[in-house]
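There are two complexes below, and they share chain A, which is joined by chain B in the first and by chain C in the second.
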Partner chain A sequence: MKEIDRAGLPVVHVAAIVPISLTVGANRIVPAVAIPHPLGNPALPKDEERQLRLNLVKKALQALQVEVEEQTVFEE
Partner chain B sequence: MGKYRVVHYLNQFFAQIGGEEEVNIPPVIKEGVIGPGRVLQQALGEEWEIVATVICGDSYFAENIEEASAKVVELVSSYQPDVFVAGPAFNAGRYGVACGASCSAVGKKLGIPVVTGMYKENPGLDIYRKEVYITPTSNSARRMKDDIPAVASLLRKLGLGQEIGSPQEEGYFPRGLRVNRFVDRTGAERAVNMLLLKLKGEPFQTEYSMPTFERISPSSPLGDLSSATIALVTSGGIVPRGNPDRIESASASKFAGYDIAGLDALTPAAYETVHGGYDPVYANEDPDRVLPLDAMRALEKDGTIGKLYDRYYVTVGNATSVANSERFGKAIAAELKSAGVGGVILTST
Partner chain C sequence: MRLELGIIKIKDVQFGDKTRVEDGTLVVNKKELIDLLLQDDRLAEADVELARPGEEVRIIPVKDVIEPRIKVNGTGELFPGVIGRMGTVGVGRTRVLRGAAVVTVGRIVGFQEGLIDMTGPGARYTPFSETNNVALIVQPVEGLAPYAHEEALRLAGLRSAAYLGNAGREVAPEEVEVYELTPVTDTTLPRVAYVYPLLSEGLLHDTYLYGVDVKNILPTIIHPNELMDGAITSGNCVSACDKHTTYHHTNNAVVRELYRRHGKDLNFIGVIITNLKVTLADKQRSSDYASKLAKLLGAEGVIITKEGFGNPDTDVMMLCKKIEDRGIRTVLIADEFAGRDGASQSLADTVPQADALVSVGNANEVVTLPPLKRIIGDLNPVESIAGGFDGCLAADGSVDIEIQAIIGATCQLGFGKLTAQGY
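Moving on to the complex of A and B:
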């Protein structure tokens, strides 16, 4: 991820464990749902789960459009 | 009783053959001590004898690591040494790689103890520290006399089959090994004691040090999303069923890129996870939970993004080394850039 960033491509880390993402040095971070299903939630009905994933991906895309100076976690 | 036999490895420069003009010479072996070998011989003492010195040009070695290593092994074996020692390489990068690789090869093939020395930032260090005992040196050969005794003393201990203590006790770079041992106090007590020392601002020694990671300045943001190509990358191990490229479930040595052109979602019939570090049930039920292809495709169709890139990239981020990860990242970044991708979503479990 850092190599992608270093190459000048904006990259957003959708990460289940934000502290690890911060430690390794991601610059744009969107917190994910959980380790075994970062972009899903099996407890939800299918439709709601799909909507949740869509929202997370939209948030990630927004993060790519934001100018950041330092490591930034895009919370709600 | 005869002396312990030592073979020493040097590059063209330290072997006094020549400088940069001789960097392409393949390995040769010469009888006896050469150059820094004299200091080493002195430090080792009279029971040890440097019987021969292998010499190779740094560029030849670095560009032909496998052949050069094999040749070094062949040359060394003809002198039937008890131990093998290389360098020290100080902060010379190609020499460091050569010292590390020759030690690693000789250790594996001939089964004898091997030692080398390097400066902490020598790129050879991270490549070979797990396989080879490497003692820290200064960054320049001017300190040769100060740096060689540590190499010699570790070499002697290994050669005599003595027990080797921790990196702190013996003075070598940690090899990333964890050793089980009995101690008086439980982990909980030791941890609390460390915390108390830390709170008091007193020095303490961790039992498991964390790697430190370099910081990168953030890339400029993406301009117009609706005309941009966005790529998906994951460390979550989502692969076509059957794992065609055999990505390892832990300590991955590779990444892969797979075609997703025309796919609207990842089905459990066609995709699965090979990540060995999390419960795979949910990802295997619906791989989109790790690699959100369905959501990206929907956003492509409604025009939110210009295009979803036709390939996604995957590896397994489970005890995968920083060096490997950097290598994967560089390669992936290069492919994405040349394909005109404007932004990347990387998902991690």
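Moving on to the complex of A and C:
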């Protein structure tokens, strides 16, 4: 992740436990849902879950396009 | 609350016609025990084998280890809310078959189960090479879902520990351990609390408090005697080296040490139980709550242990930071996953406040375990359990494996055998 960043390609880390992401040095962090299901939520009805997943991916793609100077968490 | 653990020392285990304790030997009626196990219709087959210290035996895959006990006086029964009637434990008298253990084995439930070697280099890493083990080899009926399988195996172990413990009902204990939080008059002694996080992530990583799934609690205060008397049971398939088996919960080494020093050089003020969950908000909520309880108790120092590794590192670091920020000093007990050469980052998460930490070893350390004559269970899962890898099992039955796969090798309660040495 850090090496790809260093090579000049933007990276976003979508991760459930943001403090770990910060500790390991991710620069762009998008908080995810939970450790066993970072990009979904099996408790939701299928259509709501699809929307949740879509929103997370869109947010990650938006974060990729943002120039950052320091470790940045893209909250709601 | 005064708890007396009457210790009956068990030096051998044998099969015989009547389950009893005789001159330090636990005699087991095999058929009666198997019949007890098969009362659960989720189990298709059950067998019982014995493994004594020093024997050429490897037990794998091990799910839980339980110390046989019986409550003979006081409220509650063994493992209340799970197999025993409800009632607050930690008061009265309990007989303990110290030196004996029930070990649950059988078709693997989750991939994070482990092994016990009764002799050789592997035996040095696990405390359960020194117990006389009654191994339950229990197979589920076809098609049983993993959660039901886990529960059936868990209850099989707990019921067997109660069944064997009953053999100690009329036996005079050789020594009595007394646990009582007597008031401390010396106000200069530091007030020390213990924060005890329990793995509770779901997906076969669960712990039960009086039968309540700890995922569903907010942090709470508990009397240390309740822990030592069976209030907490393990339903856990996390890595073998650093999961707390039910045996560990009833023999919590931190509680024992705090009691030993209570009124001498510290004032042991109580235990706070918290959980280890899978969302960031849960981790924040539980660490907020537990740190608040530590302050309410008036703690000046807190010991924080850990169960499992990886994301639980975040929970204990949050606890450390929040408790320190309230002006209370902390010490952590944790193992390390520092890679096979020990050169990688040891913990997934850290905070600057964590400036006092006791390491209980690097779980990635690889050891070679020579073949042993008898396998209780099945050696084949060794390549797929956590700590094993493709090709780690040789044709002669020897195994190259990370100590991660050995039950209790890096127990983060300090109930283990590893020590550090400076050179």
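The rule is short, and it goes like this: the second predicted complex is superposed on the first by the 76 of 76 C-alpha atoms of A that agree within 3 Å, B and C clash if a C-alpha of one lies under 4 Å from a C-alpha of the other, contacts with A are read in each partner's own complex, and residues count from 1 in each chain.
One rule holds in what follows: a contact is a pair of C-beta atoms (placed from the backbone, for glycine too) under 8 Å apart; a residue touches a chain by one contact, two chains touch by 3 or more.
None of these values were measured; they are calculated from a predicted model.
Q: Please indicate which partner A:19 is in contact with in the superposed arrangement: first for chain B, second for chain C, both, or neither.
A: The second partner, chain C, only.
Q: More residues of chain A in touch with chain C or with chain B?
A: B
Q: Examine A:39 and indicate which partner it touches, taking first as chain B and second as chain C; both and neither are also allowed.
A: Touch status of A:39: first partner only.
Q: Could you look at A:31 and tell me whether it touches chain B, chain C, both or neither (first, second, both, neither)?
A: A:31 contacts chain C only, not chain B.
Q: Which partner does A:2 contact after superposing on A: first (chain B), second (chain C), both, neither?
A: In the superposition, A:2 contacts chain B only.
Q: Quick check on my understanding: which residues of chain A belong to both its chain B contact set and its chain C contact set?
A: Overlap of chain B and chain C footprints on chain A: residues 16-17, 20, 23-24, 35-36.
Q: So in the complex, the part of chain A that touches chain B is made up of which residues?
A: So the residues of chain A touching chain B come out as 1-17, 20-21, 23-25, 27-28, 32, 35-40, 42, 50, 53-54, 56-58, 60-61, 64-70, 72.
Q: Using the touch rule from the top, collect the residues of chain A that touch chain C in their complex.
A: 16-20, 23-24, 31, 33-36
Q: For chain C, which residues count as touching chain A in their complex?
A: 201-203, 278-280, 283, 311, 313-314, 317-318, 345, 348-350
Q: Given the complex with chain A, which residues does chain B contribute to the contact?
A: 210, 213-223, 225, 230, 233, 236, 278-283, 285-286, 288-292, 294-296, 298-299, 304-305, 326, 328-330, 332-334, 336-337, 341-349
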